[in-house]
């Protein structure tokens, strides 16, 4: 990742990249299992200094890539346990994990592992979907349900949750109702059009306050005209990038 | 289409989807004959409720997919007659057709079939091109001429016609002159940049008034950066979606 | 499929096509969930009469497409039960199922459903792999284990099993040993090169005798130069076609 | 083409390449209109001397590329007349045309133009299909009918016609009967497998004798594993290359 | 190009298109050598009149395509000399070259050839990168250094240089410092968002004044969501279009 | 590569994989610089035991991947020196390098590095081209000249050289003459059709005798129907795999 050094564990690191090549939690299209590999391949073009913001993360943080979590492709329940344990171990080293997905199911066990170290966290969630369904096809753990499970298990500080970019067709007029009832702030996609998002980001910083915050970015939080791969079977690596910020 | 029921005729329906797999009316690239199939395949991801507008069409309308019109691929004149007859039959059932094209030639016989039931209609036409050429390569019926033919045959209520999104290179400085002379309102693409289109839509609703309106959407009415498939040979399903609204 | 009629059940049919859009049993690449859709789309070019063999199946058999089996994408164990029940129902109608996969995990529950009606069957299995592993990543039910499970449950008449086209790299020198010990005939890919396979097919017919035979065709039974899609992530519909012949 | 000089007419040439960018005569997939462009682009890699056969055509023949015939994309009947006239003009210059298609409809008017100069010709036709249907969807002139029309108009010397590579599914057991009744020799694809075609070519040379011979090569005369583009919508340039040899 | 006439030299022309199929100066991905061919193929859709601006260049200018410059693919230093000589010859005919790249290395020798005729020129440079590195991997002449070399050789009138669209990650906080020290105006990408660029263009016209101006457009000056081909290996023709305006 | 361990040098290894991401020596298409990356990505499917031959290389050899040689993309002469030094260093460790190319220019400096350790070697070269041109576009070091340079510098034991698979179009009838004069055995592609290559391989083993042998495999040594990527711009990783066998 980004031509960073490779390590086998997160020991001694401030931040680590870790891949989770999962797609068995996805409902309509598979392929995100190739996400970590493709993100790493493309990241070789990234340089260490951000010309627009002045950020230079590698000057103050020790960062490395610790490879992929060895999930069980055939068994989603087993995979959830594996992810939980690995993230807890990383967090236990005092290292903040930046995960490369993988379908959005992964956020549920990641938040489990995060909680073991940090308690309930705030959440900045950029996505076309709220991912708070009660279940999909009768299953509780899928790419459409992670934040419902997270709330039920007390993994989130619900007053410090914002979901940005919600759009598209739904099942009922009440698709977002549950999330709102938990205290989430919802920002619809159409409220982000034709303007700078800087004022919104200022509000989000205020909402988050000073506690730990988890950031979850789903690529369909971009407009489909910018990320058409998320809507076609040709692209294997549609994925999410996620991490924690304290 | 959208996992809707399939019927063999439009009888008993309020609205029907119908495909027209034509590309022999297209000048530079072919492939729109695969449009209906590809639109249907992608539509399986659509859900019935629109989160942004609150629209829930299937709660009040009986809708089904009645398949494709059996065009004659080798003979454009014969195809025009076939489309005319099928659309007239659908409209005769009191059903509003939503056609999945197919190159833009199809709008001419569709409007013929519509007129048999409704008389001249208003038109909301989103497209990069006015499609009002006198002829192309000496032929009167092509994807660049449907609205010229429609005016000549009295299929349109010219005061209630708006063409939105016109752009690109042309043959002369007078490419749009004929359309303006018929009373069409023309909205150029550059007048749609950097702002919400809601005010324009309010004006269009006022222009359309209370009579029947036909909506014709050509995918190149989007910016080519959003629909690059319309400019490359890799994509078979560049197409138009059209329908009538009363 | 092949522009055949569509039915909702197998009742009254001699043969039916049925899709199983599964890929959660696949280890390295996903995408076979799109297999049934893509096979059906391509099959529209097929005509009813085979010029080379004289076969004209639709003159003597009642055939229709009964759609896809509603699997549970998130739960492989639940999916195996669903497939078992559906195949048993089809076979119970006296109809022979031709399934469109789907990764090769599906053959295990298909053979369960077949056995309920026919008892243990012979097997003609064309594949690059024997698919008789004890387990993969600790799981018993995967795309690499169906014929091991089938033997353990008595679904196969092991003396009437042939596996054709085995090739490629393996884990040990004993990869094929278990299959041979069950009495399977194994035909390696290199023994099929540079010659007609007609003599082999005559031997297979003799081996199969007169009992019911199940045919399972995995596309990587073709040389990878002929089916490169099976080795690249670009293609969604790598799949198997299977059926029973009495 | 092959980095040869470009001329506007065939005057003074022994042989010319000429493109016919037609696909409105094709039934299931379009795209061959891009064939001449793509063949020319790829041909820039060709060198003038054939290492295997010793052929060095440009040492004894004056060859150039005279561009495309300006067909009428919207009107197949008009296009047939345009092709007929252009080929007759080329042949009238004493120049042998090598055409780059374009769907197989083009061979009918090419043979018309050839006959004006040479009378009925022999034919070596490599193709998966006989292309001798009476009509397709009621139309007499399509990509499936050129050789039926050619026989009816006396363009072919039927005793000197061979069709090589016929295969695939058909409509009836009698698909090839008409061709055989005209005296054509038919060579099925399965009779070309697993052996050198040199003996067949010797027989073909004997059959052709000393009169003028037209060669028509359809890319689906290759096995679909070698030319998969002819079976998928991704490739625009599926096409035929044709020419006359005296 | 644009179906314009083809000439072998620039003699008698006001403006010429000329291709430079180079990619050996590119650091991360190659393929721009196919740029001129692909731009020409796509340009066949362009018509001579611009509906938005009223520009009709071919009414007042004699324009033709004079083909590609015969570069030496294996030797970048030799190629730089070849380009210099060809551009100088074109400019010596009083013809303004519009070059189709090719990676951005080409601008250095083009400016050399331009200077021979016009002296130092102003520069409007649209690009994600400043391309003013001292060297890349120890080499002075690469796609990342042309404007540094141009300044060193006095090819540019530095007060009349603007670079528009700079963005992305860099090596240090000082990536743009050298360019600013030369007197270039730098316009960052984030300063172009959410607004019309017409005011900026008015300022640029004022900065350029009345002397000759060279325009250099790198396709990554567009947002990567609009030109994703520049970030993936699938597209061969990522390229720049450049020219001089007096 | 093949999920082998990664090392930074060849010290202590029997065999190492090493990538050379070069394409600036290629004449018509670039992209082989992505070859090592793509070969490694695909190799993750390989298992350690060869079912057909019984080979199990990792049971007796210490093998690792030592990454890519840091070539100079902009300067082919400098790159040749870099490769020479790296290969000499690897060979100096008593390790046999298996290189992943990269265009065929690389074989010239590889053979230089090999000679420093082993003296002149035998050569088994599978390729569509002899790669023994005197020069290309005036340059001595290109992908079409490595074996000419190797002979001139005494890197090969010419009596123990075989080139297999030569085919395609050439510049003159004497394209292969120089190679034959050096004592190379040439095996044309057409002499490999329709039969097993085992007898040829036995002859090659006899020709090679007991001295060290270098194996160079160019992917266009396969028929273009099996490796179409080598003839289209879509594939970045057309490449060669090479190594030494004692």
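Order of writing sets the labels: A, B, C, D, E and F. Residues in every chain begin at 1.
Everything below uses one rule, namely that a contact is a pair of C-beta atoms (placed from the backbone, for glycine too) under 8 Å apart; a residue touches a chain by one contact, two chains touch by 3 or more.
The chain lineup, named per UniProt: A, B, C, D, E, F = Agmatinase.
Bear in mind the structure is a predicted one, so any value in this text is a computation, not a measurement.
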{"item": "Chain located farthest away, centre of chain E as origin (C-alpha)", "value": "C"}
{"item": "E-F compared against B-E, more contacting pairs", "value": "E-F"}
{"item": "Proportion of interface numbers common to chain A and chain C (over half same, under half different)", "value": "same"}
{"item": "CA centroid of chain A to CA centroid of chain B, Å", "value": "40"}
{"item": "Chain centre separation in whole Å, for chain E relative to chain D (CA means)", "value": "44"}
{"item": "Residues of chain F engaged with two or more neighbouring chains", "value": "194, 225"}
{"item": "Residue ranges of chain C in contact with chain F within the complex", "value": "28, 166-173, 175-176, 188-190, 193-194, 225, 231"}
{"item": "Touching residues (chain side chain F, partner chain E) in the complex", "value": "23-27, 29-31, 33-34, 72-76, 136-139, 141-142, 233-234, 236"}
{"item": "Chain F residues within the chain C interface of the complex", "value": "42, 44-52, 54, 56, 194-196, 222, 225-227"}
